[in-house]
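Below, chain A partners chain B and then partners chain C, in two separate complexes.
Take a look at the complex of A and B:
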């Protein structure tokens, strides 16, 4: 173990494919994060809807994605969507579909918890101010829900960043996939996976620190 | 001749059996300040909430300036018939703080004028700043509600309602959650509104304030109006024994003078 001689020249020599993979990882994360922020709120609205069938669909959706492994979801969507629906998107879009729905389900729960912490008197105040249900949702409930949900939404986004590495299994050329390819080509898995791990770590730590920052700011602001 | 505010045959129950308001008939004229007193659970808040249109009512109707704006709808489990433009002439301030914490004081004030009434930001801001100045809150325009004292929060909440030019203001125990030393600043704003002849319905447990601000006092118990009299009569010589009993309990003395 101790006698292993590290040779990081393999990293500098293969910098370009690694960075290309990183770009794919970041794109996937960013696109799915945006889908999750918006989709999560919509699904959460469905869960809290007065219309029972809407609630059932939304709850079914959330449970499905929370109670199966993300890896299985990705593989399932990758193989089954083309089979059942006769469509085949680019694998990149399949991955967006899978990861986007996954984070949507988790964010919906984050929003729901945040919305339930908004006091009922705020709803009455909106009516008393003449705000229509739509305006109340857009200008009072949504912003408060986002604000209070930010720590959990950020935590979910960190999870999303890590989970994008699962798409390597369906041959999408993300950071993990490029690392795996290089590892088998160069016989230097230790340097390469260490570097890959470090990149995920370096991307996640600022997000993770931001969670704590937001929690402290929220506590002082919403006191 | 129709009254300014007219509550006709109002009945309100929760869950169909707990009858909280039972056949309430109540009229008031513009400029009156009606204070509602009564034991806890007698339906005072519920009455204000019905007038504001926040509760589904079982029976009856409510009119403002002759326009029927709330009427029981026996066909719907959830909603009354509501004329929203008329209902929007009613303003309300609640016991619990209801300032929106994600918006500054100014943001709270101009939200409804802009989003519900379509007023421009600059015009709403100008009116809001004038009002805040009048209430001595101008320096707080940029503050978030979390940074304000309870008294300041309630004064901002009053300002927020006033900015919509209501014809009548409803106050439900707006000082009950406040530390004693903050009560007077909020009551002061209400007394100022009284001078400007604002029509008001006020629920309070503060009998001295009631006596000071009211043009009329209503004693309610068990979902009914037991007595309705000018403050001088109500607090010195009530006609109903139940009123006298209640006042004796809350005041620990026979009368206030």
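Take a look at the complex of A and C:
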């Protein structure tokens, strides 16, 4: 074992850039989580739609985003979207686009599994009561689907929080990027990377505790 | 864009891309082998180990599931060698990180599968007087593996996709090669799309195998 003297003063001295990075990470996570919650349900509706082309587009979208690395998606979107569409957004919005589509694809699958677990008798009841398709979707299917899907949706959100660290590779100043920059500037990678890891960990733990709590609640509710 | 010109261009770089793919598969394979072994051991310890070991195993899983793989890679590349005071080698650090990550995510799959084995199996082992060194490999392991196969295969896909991150620490995997060629030739569209497609084809095939297995084999065995 080499002897290493820990020196955490480097963290307190560079507290501000780390917190600025954390704010970017949290913003990205929050915005993409909301996009994923709504987008995922819409894409899931497309997958279950009776119109075949809609279904194909949605399934293609889901498989494409679930079966390629998030890093490839981010880099592809950064390089290729400006080329194909002739627009260049601010890098922050490009990152939202990439991560938002990624979480949308994963959430769509979570919703689909939840909707498939809704008993057929509920659909029959809607038909018997003469509810319009919109009312059926909004007031019968959606609430149940969200409730059943909450554990998986939360797990996906934890994954999203960790995926946001990838934007450091395309030089967006999130927590990971600030950590990387500070580590090279101060020659103190051990303290800085350990602290950054700890911050991500401290954010994930309450979320994963919430997953466990919801799973237990749901199980006792359904039992 | 001219498709045949794009294909000609890609054909020129077939060697560089296949070396990258080779490295990606190499890292994934080793991460998989060690990760599955770690995952099974950890899940057994968490199910029926000494309380102190249980706490250690749970902490390990929570840390590796609760922090981004990118920071884990940075930590094992830059911090661990400095802490130990010795060189570890790039390939060693890469495989170590991927194995520990895979161990953490697969231990959750094994744990869910272990839980699904009825307590009567464990009671039977006790009644027959089987010691743990017999009951674990001959009673628990086969049943657990069979039930855990679908989630383990999805974990494999996750590991395969996460392995793209090793490009960020300069390992010459598929993603790294793709980005290098894109930067060197200033033709990111063709090369990045091809890279994404290679990842997609491999990951998509594995997910098809998963659903085939789930529908056919597991349904027939009523597991």
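Quick note on the criterion: the second predicted complex is superposed on the first by the 221 of 223 C-alpha atoms of A that agree within 3 Å, B and C clash if a C-alpha of one lies under 4 Å from a C-alpha of the other, contacts with A are read in each partner's own complex, and residues count from 1 in each chain.
One rule holds for everything that comes next: a contact is a pair of C-beta atoms (placed from the backbone, for glycine too) under 8 Å apart; a residue touches a chain by one contact, two chains touch by 3 or more.
From a predicted model like this one, the values you see are computed outputs, not experimental measurements.
Shared-chain residue A:121: touches chain B; no touch with chain C. Once the two complexes are laid over each other on the shared chain, residue contacts for A:163 go to chain C alone; chain B is not touched.
By the touch criterion stated above, A:143 is placed in contact with chain B alone, chain C being left untouched. Of the two partner chains placed by superposition, only chain B is touched by A:129; chain C is not.
For chain A, the partner that touches more of its residues is C, with chain B and chain C as the two candidates. With both structures placed on the common chain, the touch criterion links A:15 to neither chain B nor chain C. Common to the chain B and chain C contact sets on chain A is no residue at all. Within the complex formed with chain C, the chain A residues making contact are 1-4, 63-64, 66-73, 75-76, 79-80, 83-84, 158, 162-163, 165-166, 168-169, 176, 179-180, 183, 189-190, 193-194, 196-197, 200-201, 204-205, 208. Within the complex formed with chain A, the chain C residues making contact are 62-63, 65-72, 74-75, 78-79, 82-86, 157, 161-165, 167-168, 175, 179, 182, 188-189, 192-193, 195-196, 199-200, 203-204, 207. Residue ranges of chain B in contact with chain A, taken from their complex: 49, 52-54, 78, 84, 87-88, 90-92, 94, 96-98, 100-103, 111-112, 115-117, 144, 146, 160-161, 164.
Within the complex formed with chain B, the residues of chain A that make contact are 50, 119, 121-122, 124-125, 127-132, 135, 139-140, 143-144, 147, 220-223.
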